[in-house]
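First chain written, first letter: the chains are A, B, C, D and E, and each begins at residue 1.
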Amino acid sequence: MDRAISLGKPMLRVSVAPHILQKITTSNLMYNTLIALVPALLAGIYFFGFAALKLALICMVTAVACEAGMQGLTGRKLAIKNGSGLLLGLLFALICSPEIPWWTAVAGTAIAVILGREIYGGLGNNPFNPVLVGWAVARISWSDHMTTWIMPEPLFGLEPGGYIEYPPLEVIRVDGLEALVDLPWLDLFIGNVPGTIGTVSVAAVLIGGIYLLARRIITWHVPVSFLASAWLFGLIFWLIDPETYANPTIYILSGWMVLGAFFLATDKGTVPVTGPGMIIFGIGCGLITMIIRYWGGFVDGVAFAILLMNATTPLLDRVRPRVYGRVKEVA
Amino acid sequence: MSEYLLLIVSAILVSNIVLARYLGNCPFLGVSQKMDTAVGMGMAVIFVVTLAGMITWVVQYAILNPLGLEYLRTIAFILVIASLVQLVEMFLQKSIPALYKALGIFLPLITTNCAVLGIAIINIQEEYDFMHTVVFSFASGVGFTLAMVLLASLRERFPTARIPTTFAGMPIAMITVGLLALAFLGFTGLVD
Amino acid sequence: MGPKASFRGVSFPPQKVSNPAIEDAPLPQRVVLPLGEDRDRVCQPVVEVGEQVKTGQLVGQSADFLLAPVHSSISGRVTDIRPWFDQKGGEVLSVIVESDGIDSWQEELRSDERFLERATVQILADLKASGVVEIGPPAMPLHAKFAQPERPKEFLFLVGIPRAKMVDTVIINGIDAEPGMATKKAILQKNSSEILAGIKIIQKLLGSARVVLAVGSNGSLNSPLTSELAGLGVRVFQGKDKYPLGLNPILIKCVTGREIPLPDGSEQDIGVAVVDAVTLVHLVEAVRDRKPQVEKVVSVSGAGMSAVKNFKVRLGTVISDLVEQLEVLKGEPVKVIAGGAMTGDALFSADIPVTKETDALVFQTAGEAKSFSPDACINCGMCVRHCPAKLLPNELSKYCEFSMFEEARDEYLLHCIECGICAYVCPEKRPMLHLMRYGKRELSLV
Amino acid sequence: MRDLIKMVVVLAVICTTSGVVLSYVNTATEAPREYQYIKFVQEPSMKAVLSDYDNDPIKERIKLVVGENEEGNPIETVVFPAKKGGKTHAVAYSATAKGYHDLIEVMVGVDPDGTLTGISIMTHTETPGLGARIEEPEFTDQFQGLDVDTAKLSDEGGQVDALSGATFSTAGVIAAVGSALEQFPQIKKETF
Amino acid sequence: MSVVKEFTKGLWQELPPFRLVLGLCPTLAVTTMAKNGLGMGLATTFVLINSNVIVSVLRKIIPGKVRIASYIVVIASFVVMAELLLQAYWYPMYEELGIFVPLIVVNCIILGRAEAFASKNPIVHSLADGLGIGLGFTISLTILGGIREILGTGEFFSMAVMWPSYEPFSFMVKAPGAFVCLGFLLGLMNIISRRRPAH
């Protein structure tokens, strides 16, 4: 059959619909999330000095190097430019004490990248939040290093804050509630207490979180349900027994709570994607966090709560609205 | 009452039978590729473990101890469990065919599942009384099922994940169990 | 009248429409008239090579009730009857007519202002003869839409077509669904009389059915039209500018609150018929003027054009000829899309004719046609949050990618309305819509 | 029918053989098992309370009946003699008493005067961080050189300081030591 | 197949638990130290060899219907014997292995060999099979235990082998580490077996 095509003209470019795409790309989202973490990092540097910055750089370099190495080994195309390695490294540094030895940071980040993500085939395929996998492995392996704290020494302006020598949650555990009575909440809020680089300053983390919400990089579901459920749970116990359980707001302002709610529990890829799924996920995180904080062996429960809920993500993805046009199935 | 609650929390979350006590791994990894088989196996294990826990407890305290035959515990228990599974199979087949259809293929696998024998032995070693034995056995079965359902739901995503061929299949399943166990470590200390 | 249901979707940046009027495209030198929609379902040609034909003369016809007759859209000489590529890439038997430059019509149009007094059978017969086709999906001859179950005697030629339910609501779709489309806006502003006449015809054909005119938020109707519509008992549905309101399944849901029962159902099953506003004009021309469908209003945009323009194009005009004649494109297009920018097909060649289903042509220059090399889904959930059918496109796309079609079916792949939003929003730029269509096709082959 | 008989016979023979063999192995290993048990479970405690001996106290251990329980069955105690040049200069044995949670088993070393050469906690289930501090040398070392009169809480005229927050555990240890020392006169008769 | 081949197949083609993913529970549970892996391997080998031999001896006598029951009795008897012997002569190992000694009875490798091999083959072959599989199992467990012990405690057979300032990667000796380590070893086996030409 003779072709009806005039071959005089060049073939047109063929691609599949749709032919217009939204501007946002994966790396776009990653770098925006990185930007959102800058306030937290700056707060860390302000309170803990340039050791914090050094640690962040170590982790970021390690993460990118491991990512590139694994992508090379497994024969995938190099995708380090999308910023996910940098983000992973930065997040890892932010949830560590500024005091950890360099090799702990390197080993933890490497575990996060390799065991947490690349072994599953890279971004999008891993079931667990890689940062938390790396952290949890390091935490149970080198628990001394991972729980060594220093007092904040603001670079300028503020007086060295607080009088407690280790993070508030640890103080509640070891010295009891009374030890926290005189601690100004403002110190907790701006981060003038011992803690990890990126979680001390609730204010800085909140700025980043609101930026993410405003840019619609995350939705409200997880952070709101996470924080709300933790606060309500805390409220109930506080009302029952204020001698044993602290004011729930203290629990929100201390530890990893806010960073966890805005950055770790919203970590795309390892959390549910439907609205109801995300809300249940958030509630689960909030409750497990508080259960571990109250009665568990670890002082802060955020990391393990999120890891546990990560495991339920495939189940929670089954909780979702009725699809269009689905008629009731006749049994 | 709270004592039983602690026992249940301990058996399901803190010292999960597979994730912390390393029991029942072969069926755990063997039939967790699909959700429906995982649920079926889980149910079968709950059922058999509870029954076997009760019967072996009676065997230990009513037969072996009085006769001074404690050293025959292993052989006695395994025979009890093997016959129990046979009986359950025959009973279900005749009386509750629907349940048999759902659990049938899993029952023979359970005889060689160390979770069942393991729980029976733990009941004796921990010197649980009869009620504790029932509660602990049942809760351990539930813990097994919980871990199994979580693993199956995670594994159902692997066919569409770009797992390096070196790790595809059993290796990645094993690593995932490891990470699941890592997550469950968070419950450490809830119950001493 | 407001929406009865909300839906998820996206809002596009507003598009500029330069001139709401509809310009006539110059008469083409030749036309290529495909005799059907695909290789296997085509009309019998009723002309021979070398024969002189007039505009509006029947050139192809079929006994198949669901296959519309084909008319020549220009006057001239039949130079060939042979397969020609259509938009989908298939080769379809086509009649090629070389213009004589005169455009002399088959017979003078006999405009009959008393068309409403004619018997419904007569009206339907005219409709069938004129070959008016409702654009898809699924495309179908317009007369097939107006079949009521309880009146088989009157519709003798409809016997054998099962109808689940009486049509009780007719929706005139006056919403330009996707970027690159502006025809309905123009029709609503310029063809008030046809709109009214068309509604009257529908009311006559479908008796008790209520008629709703759905317009987008910028589809401002002039006030005489509004009051006349009210007089006819027609309700106006004012929607917001959110895609995919213009796609039938969503439009039906917003107007009536009903959903098309998927995977096998159609709008007839829930007693709804949607008629495109542009088709309505062809309907009026067919009934009032007894004019076969030989033209199509097409929006043209892209390739440096500052705004969307509408042209009335003779059916069968080859796109490359059209581009040369119109001289509106500023840049050299590397991509030609038949249909809107969201769901249209990219053509591998511009030597493809405009058909009754072509409602828009979008051209893209090298700068506009971006290409990506997408990687694995990162499970960001963006697609899930925007899918109007409330599916999990991320899972579906992975299943289709890994040939797990049964799983995709169980995850409701067949409920996908192919709006393309998932692909539009995906930050990884995965070919989502393509994967959905691919999976659906594989399932249909089983 | 013949098949059935054969099945039953074969199984019976296998089981009987297995029973016979096992009971033989059980008897044959009885002595070494006891020795190993004592060596690995009791020896560390024994070494902590006895010193300066050249014999093998385990080999030369003596079983003594030190009283009767409520049901009239004899209570046995195993006594480990520490000898130097063939002469016994101290003995070690254990006793139990209830602590905060459950029984605490304490090994005591006693010289012929009835003075403690040391104590060591063998088993207990007290709360970690509270009662479990009874294991620490700071606590057990207090007992060295005390006798039946002075091995009491300082509040009660003795010389033992209670662990703060763990009065019950302390009391348990003291009770165990006390009951051991009460048995000493009888043990002394048979060993020195 | 020759007796030698029956022996050597346990060392590679059917090496448990790496190639034959069975007997996982003891593999994971006791391999916190090379020594425990070795002990578990030897105990299992003891049961495996003996049950293989006895099953092979009785293979013509045992009727099909009571096959499994008889095997279980035979295996369980040797397990009890192993328990008693360990208690009598290697008490620390008995304590370390704990519940996993009686659980040898449900180790699917043993019943699997009895059922699939010893019940169909002569005594010498069954002995070779048991010896090979048992040795393979022992070596595997010792290697796994060695890796976990070295990384997790810095020691190998309780001797310090890492640099003095080494801080143990104790993840490896905990439950999650057991699974992850075995997962990596299985992956490694995949790489090796892909390199080796298929037989």
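Definition applied: contacts are C-beta pairs under 8 Å (C-beta built on N, C-alpha and C of every residue); 3 or more make two chains touch, one makes a residue touch a chain.
Because the structure is a prediction, the values reported are computed rather than measured.
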Shortest contact path, subunit A to subunit E, counted in steps: 1
Chain pair with the higher count of C-beta pairs in contact (A-C, B-C): A-C
Most widely separated chain from subunit A, with each centre as the mean of CA atoms: D
Most widely separated chain from subunit C, with each centre as the mean of CA atoms: D
Innermost chain, taking as reference the mean of every protein Cα atom displayed: A
Centroid distance [mean C-alpha coordinates] between subunit E and subunit D, Å: 36
Mean-CA-position distance for subunit B and subunit A (Å): 34
Centre-of-Cα separation between subunit D and subunit A, whole angstrom: 53
Residues of subunit A engaged with two or more neighbouring chains: 115, 121-122, 124-125, 137, 140
In subunit C, residues with contacts to at least two other chains: 376, 395
In subunit B, residues with contacts to at least two other chains: 71-72, 75, 161-162, 166-167, 172, 175, 179, 182, 185
Touching pairs - complete list by chain label: A-B, A-C, A-E, B-C, B-D, B-E, D-E
Parts of subunit E lying in touch with subunit B, wherever the complex brings them together: 21-25, 28-29, 68-69, 72-73, 76-77, 79-80, 83-84, 99, 102-103, 105-108, 111, 174-184, 186-187, 190-191
Complex contacts: residues of subunit A adjacent to subunit E: 107, 115, 137, 140-142, 145
Complex contacts: residues of subunit B adjacent to subunit E: 19-26, 29, 71-75, 77-79, 82, 111-114, 116-118, 121-122, 125, 165-167, 170-175, 177-179, 181-182, 185
Contact footprint of subunit E on subunit D as seen in their complex: 3, 6-7, 10-11, 14-15, 18, 21-22, 25-26, 29, 32-33, 36-37, 39-40
Subunit D-touching residues of subunit E, taken from the complex the two chains share: 58, 61-63, 65-66, 69-70, 73-74, 76-77, 80-81, 84-85, 87-89, 91-92, 95
